[in-house]
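This is the structure I want to talk about, given as structure tokens.
Letters A, B, C and D mark the chains as written, and numbering starts fresh at 1 in each.
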């Protein structure tokens, strides 16, 4: 299991008139979580794309437990618990500053060769690196 | 079963550098779908809030099948297939102009009394209206 | 002068906790305004890009007069009042359903050749079409 | 003159199919800039609202010079150069990691009493604090 934590500060733009973070903004926070997780693993998503691989999302789930509010400093805990092959799974937990769990979610992303548009395998460097943490 | 269709035109803002609609923008399209569905049922979400009831989302799932592109005129087909009590379930299918199914999703929303912050029951007018369509 | 009107319905996502449309969402509405204006002139922005020309924004101004609210059906009035050469100017007025002017703005966009990355001239078809309306 | 710098990492969500940060996302970055500037001055925007004052934007200008790209770590330099009375002016410069100036902008915000909806004066604590830096 590889676990990584990063933070985001809630922007005014991200609230709605309920005074909550709009439910559709969490996928962006999850994106921040997985991008920083990949960077921590030494394989930035930016480099991946420049090497001809893109990672469109094929599946998203979110279970909303409590709202986040304006100016909250949120912690996104991102977990990879399986070795990717043609897909990679991330799970997410978002906590506020009091440590209260606000929501949990999952995404599945597919490795796609940018040139051919076809599904490809996870880069071997990524598999190797993750093998240190994930069984 | 109550089914309603509405359209949205993809904005440039909603694309990303893959050239696709960003995966995190579909929850907004789903919002458009359910808001217009409620309006078609004679109970606008705006009025609901002004009557003291809000509807935070408790659950979201999206299965992405094909991407949407800039300037696509998308059809959002929204379905209500059960009578709400303290929650209301919507399901969504998004199609492009060629009739190709791009993604499917679901949301669950909870009726909350704005004053007390407590979970409440669906307004009886809404249940009555939906009873004409849903068993 | 070429004037075109189109409408947008305010999404919940676009409000903030003040209960107003977030100030940073109007550039998206202006984008909707100019894209529909170009479509009405027979030269969709999508086609322009597919023909190798892109139009990055070089200048934006907005003067906010009154707020827009959730579910408002806004009218965006877009005006082109000069013939473009290497740049094109649009001005915008946004009105609510009561006809109240909410904000006014301007954008300048630059014609850029996608292949070379260099500034180019407005397509002659666009100049010809606009010459019917603009002196 | 009070000058404050903060950083934002460009999210994938914030790019568009040109491969640039969408022009309409910079107002959000400017928001981050001014919010952190106010926090550095000891008067968080969140607290201001909780004390009954809100700050809607009345004016925005942006001059776009060069694009920002995905994953860029941008520096937002925010400057306050006049003492606020019923309005407060911020100016912004955004730089990429190479120190290249990407855009410059300004916003004017108005102090409004949340209860009455009327224009009010800047809190005296804010004026006092700023008087240390601004003539």
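We take it that contacts are C-beta pairs under 8 Å (C-beta built on N, C-alpha and C of every residue); 3 or more make two chains touch, one makes a residue touch a chain.
In this text the structure is predicted, and so the values were computed from the model without any measurement.
> If you tally the C-beta contacts, which comes out ahead, B-C or A-B?
Top pair by contacting C-beta pairs is A-B.
> Give the rotation angle, in degrees and rounded to the nearest 5, that superposes the C-alpha atoms of subunit A onto those of its identical copy subunit D.
Fitting subunit A to subunit D on C-alpha atoms yields 180 degrees.
> Do the two copies subunit C and subunit D share over half of their interface residue numbers, or under half; same or different?
Both copies, subunit C as well as subunit D, present the same residues to each other, with over half of the numbers appearing on both sides.
> Just give me the whole-number Å value for how far the CA centre of subunit B lies from that of subunit C.
28
> Express in whole angstrom the distance between the two chain centres, defined as the mean CA positions of subunit A and subunit B.
Whole-Å distance between the two chain centres: 24.
> Can you tell me which residues of subunit B touch two or more of the remaining chains?
In subunit B, residues 12-13, 18, 24-25, 27-28, 31, 70 touch at least two other chains, as defined above.
> Would you mind writing out the residues of subunit C in touch with subunit B in their complex?
Residue list for subunit C touching subunit B: 9, 11-13, 27-28, 31-32, 35, 44-46, 70-71.
> Which bits of subunit A are touching subunit B when the two form their complex?
18, 20, 23-28, 31, 54, 56-64, 67
> Applying the document's contact rule, which stretches of subunit D touch subunit B when the two form their complex?
12-13, 15-19, 22, 24-25, 70
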